[in-house]
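Chain nomenclature is as follows: A, B, C, D, E and F, assigned in order of appearance, with residue numbering initiated at 1 for each chain independently.
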C-alpha cells in the first residue's frame, strides 16, 4: 500500500492549514521528481533565487486557497 | 471510441484526489504533445530544473483545487 | 455571423469537459494569433519544450476548473 | 466622463462571454500601456512567440472564469 | 495611522470594479517596492515588454475575479 | 511550540485583509528560504525588477482572494 500522507484536508487552525498547503506543494514537486538527492541539489538553486522563491510561494498560495475553503476558512 | 481515462472527478480520499490531479496535469501535457518519446526526452530536462518542478507542482495545485471542490473537500 | 464554436459549457462527461477546456485554451491562442500558418510553425517550438508544455497544461487546468464548476462537477 | 467600456458582465451566450474575457484581458494590457503605437509594435513580438500566446490565453482563461461565474455558467 | 486606501471592495459598476482591481495590483507592487522613483524607472522596462504587460494584465484579472465575486457580479 | 503567526483569517477591514495577504505571501517565501540574510540579499534583486515585482503582486492577489472570501468580502 502506498504511503498515506494525505488523510484529510481538515486542520485545527489556519496555521496548520498553511503548513498542509506547503506539504501539498512539496508533494507536487516530489511526485514529478521522486529522487530526493536531485531535489537536495536543486534546493541550493531555487532557495537562492528571488523569482524561484516567489513561484514557490505562489504554489503554496493556490494550495492554501483550497485548504482554507475546505475548512470553511476556520470560521468555527 | 477514444480511450476513457476520466470517468469521474469523485475519489474516495484526498490522496486519491491528489493523484487524479496529477493525472489531469500530465494529460494536459500529453494532449498538447502526444509523442511519448518526446515526453521521455523532455523529462530529463524538467525533472532536473527547480523552476520547472515548481511550475509542474502549480498545475497539480490548480487541478487539485478543482478535484477538492468536486468532492466537497471530502468532508464526508 | 461569426462562427458558433461555444454554444454551451455543459458536457456529458468529465472527459468531454476536459476536451472543451482544451478547445477554450487553444481558442485563446487563436484569438490572439489568428494566422494558422504561424501557429503551425510555433507548434514545433512549444511542443518540444518542457516548460511550454507545462504552461499549456496550466491553461487547460484553469479552463477545466471553469467547465467543471459549470457542470456541477458531473455529480449527477 | 471616462469611456464606458464595461457596463455589465452579463452576456447572452458563452461565446459572447469568452469575447468579453478577451476584452478584459486586452484592457488590462491597455491600462498598463495606453500608447496604442507601442502596443502595435509589441504585437509582432508576442503574436509570434509560443509562450507569449500561451500566457495571453491564460489571462483570457482567468477572466473567462470570472465571466462564466457571473453568468451562472449560462445554465439558463 | 497608515493611509486608508482600501475602505471597501464594493463598487457601483463593473468598470469601477476593474479600476479597483488595477489599484490592488499596483498596490501589490508598491507594497513590495515603496520607492516611487524606482517604480518610475522600471515603468519604461515593463511598459514596453509584451510578456510583462500580459503578466500585469493577469494580476488585474485575478484581483478582478475577487472584486467581481465581492460585488455578486453586479447582478443587482 | 512553533511561533503562532496565523491565528485567524478574519480581519476588521479589506485593507487589513490585504496586509494579511502580504504576510501570507512573504511567509510562503520564508518557509522555503528561512535564512533572513539570504532574503535580504535577494531583496535588492527582485525589488528592482519589474517582472519580479509583478510576480510578487500576483501571489498577494491570490492570497487576497482567499482572505476576501474568508471575510465574506467584508460585506458586513
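Heads up, the rule we're going with is that a contact is a pair of C-beta atoms (placed from the backbone, for glycine too) under 8 Å apart; a residue touches a chain by one contact, two chains touch by 3 or more.
Predicted, not measured: the structure shown is a model, and the values here were computed from it.
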Overlap of the subunit A and subunit F neighbour lists contains none
Comparing which residue numbers subunit B and subunit C contribute to their contact, where sharing over half means same and under half means different, the two sides are different
Rotating subunit B onto its identical copy subunit F by a Cα superposition takes an angle, to the nearest 5 degrees, of 120
Per the C-alpha centroid definition, the whole-Å distance linking subunit A and subunit D comes out as 31
Cα centre of subunit A to Cα centre of subunit E, whole Å, reads 27
Here the gap between subunit C and subunit D, centre to centre from mean Cα coordinates and rounded to Å, is 16
For subunit C, residue numbers touching 2 or more other chains are 46, 49, 51, 55-56, 58, 62, 65, 69
Among line, ring, star, complete and other, the chain touch graph is ring
In ring order, starting from subunit C and passing to subunit D next, we get C, D, E, F, A, B
Subunit B partner, complex, touching residues on subunit A are 4-10, 24-29, 31-33, 38, 42-43, 45-46, 49, 51-52, 55-56, 58-59, 62-63, 65-66, 69-70
Counting only contacts in the complex, subunit E reaches subunit D at residues 13-15, 18, 22, 46-51, 53-58, 60-62, 64-65, 68-69, 73-75
